[in-house]
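Got a structure for you, questions after.
All chains are identified by letter, namely A, B and C, in their written order; residue positions are counted from 1 within each chain.
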Amino acid sequence: MTAVLLEGLEIVGIFAFAVTGALVGVRRDLDAFGVTVLALLTGLGGGMIRDLLIGATPPVALREWQPITTALVAALVVVVWHGRIGRRDPQILVFDALGLGLFCVSGTIVAAEAGLAPWAAALMGVITSIGGGVLRDVLAGRIPVVLHRDLYATPAALGAVVAATTWRLDLPAVLYVVGAAACVVWRLAAVRRGWSAPRPWGRAVG
Amino acid sequence: MTAVLLEGLEIVGIFAFAVTGALVGVRRDLDAFGVTVLALLTGLGGGMIRDLLIGATPPVALREWQPITTALVAALVVVVWHGRIGRRDPQILVFDALGLGLFCVSGTIVAAEAGLAPWAAALMGVITSIGGGVLRDVLAGRIPVVLHRDLYATPAALGAVVAATTWRLDLPAVLYVVGAAACVVWRLAAVRRGWSAPRPWGRAVG
Amino acid sequence: MTAVLLEGLEIVGIFAFAVTGALVGVRRDLDAFGVTVLALLTGLGGGMIRDLLIGATPPVALREWQPITTALVAALVVVVWHGRIGRRDPQILVFDALGLGLFCVSGTIVAAEAGLAPWAAALMGVITSIGGGVLRDVLAGRIPVVLHRDLYATPAALGAVVAATTWRLDLPAVLYVVGAAACVVWRLAAVRRGWSAPRPWGRAVG
């Protein structure tokens, strides 16, 4: 059950992040191949960083065919239909929130199953979910979304903590989905309403 | 035969990429040591990323003395003779194309010999050949060359696919050289003539 | 003795680098959680890169609780008291120099104990000490401090060579502290006096 769920989370997360990478590539006026490279890096990068850190080499993205196929399909969809999907920031942010929510949970599960302590697994979940987007933004010369002033890492931390707790206490697997959904909803609400986390003390809110 | 060829491809590729790193450093007005750091990272970075991903740690650049010596010699040559080599973009692009062609083939071979499937080995070839230049450009605050509008990743993919096919079907080793040369020639022609890959559909060519 | 010393160097280095990451985050106007993410990455990033390269996975920062706790405390201190610590470049540079000196020595020792040759261990020391700051600056969209025109990598190389020599020849452990201190002092003097390493030949000093 958890295994099937995990694979599903991973695949949808890869698809969502790869779409954001491809959309950023289209906005940057890259050719079809550059768009594909950025889609692959964004979709597979977070999981590769995770697999490197937990010592699972070669990473799953180089051992199995589903991850790369998913990312390639996402790139193809964007290259062909980006006119309809739109390539403006709102669309990118929605897909990015989806990837964030799915990866913070799946990254935590994978790390916990590799034997890491719950707190370390949750940290890996955050790193996994942030990693792909950071690679995308650094390569595309954008300010990494994690540094934007609205909430980004906080919802990912919530999802990761829910997942680590669920794993540790062996709670029902549906809580993984709840954790991912909570992250996505919180993230999207933060974008839409301009929520921020508490600011460092003693300074005017700019 | 393949082993000797592989080592040759690696060494020349490291030299070429290290030269580009050092030239970018000189253009950025770094001191001699900063130039050397950038040369080392550019020359050795792609192979280190590859070795991390295939689980060959510590990377060959930390196990053997030839790679780092090659990169140091390249840095020294640039520091002393950069006035003659030139430090303008055309020169950087030529050395970069050379490194790209050599690394997409050598990266593919190394990954295939580590047991990866041909498609994964070819992907590793692309990552290896792109990696060093991306590290160089991100550190130097330049737009990564892989995102430029003229062809970059496509020639690397060609070389990697030729190498993976050659390895898989056990074809004559000379095809590795042909694959590398095809990548270099295509890349240089693309730069000179401003060729691009097909653009994403449905938009005016900017 | 060396083990205790090593752990001490690591912890103080993590604290110093995490403070720089948090201060950069505050300057960038991040929220408290973003500041924490940047503190974690800067404090733990160099050591994670080192552990990946020497094949010690999962990295020590994911196996033990002290590194992350140290980085979290540093982030908390900055979030609460940054008004008094100051968040201007001079303060960031002092903490950064401290982290540089401690990590170039500790990184070298860890790599040498993992079985790398002395020259490779020294190189790992430089990579470890540069890594965290590079991650911080790339993520924050700053020019990486290693590319600044005043000396940065050179003092780190000095500390790393002292540490590698001490380890290889089994000299008294106090020399590790001397190496770290020499790096810190040299780095701070270079910042204050505007020292540079020799420039590439044949060009006017800009």
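Keep this in mind: a contact is a pair of C-beta atoms (placed from the backbone, for glycine too) under 8 Å apart; a residue touches a chain by one contact, two chains touch by 3 or more.
All values reported here derive from a predicted model rather than from experimental measurement.
> How are the chains arranged in terms of who touches whom: line, ring, star, complete or other?
Per interface graph, the chains form a complete graph.
> Over half of the interface residue numbers used by both chain B and chain C, so same, or under half, so different?
Different-residue interface.
> Roughly how far is chain B from chain C, going centre to centre by Cα mean, in whole Å?
29
> Which residues belonging to chain C are in contact with no fewer than two other chains?
Chain C, residues with two or more chain partners: 52, 55, 138.
> Mind pulling up the chain B residues that touch chain C in the complex?
Interface residues on the chain B side: 25-26, 28-38, 48, 52, 57-59, 62-63, 65, 68, 78-80, 82-83, 138-141.
> Tell me, which parts of chain A touch chain C in their complex?
Against chain C, the touching part of chain A is residues 52-55, 114, 116, 119-120, 123-124, 126, 130, 134, 138, 143-144, 146-147, 149, 151-154, 157, 196-203, 206.
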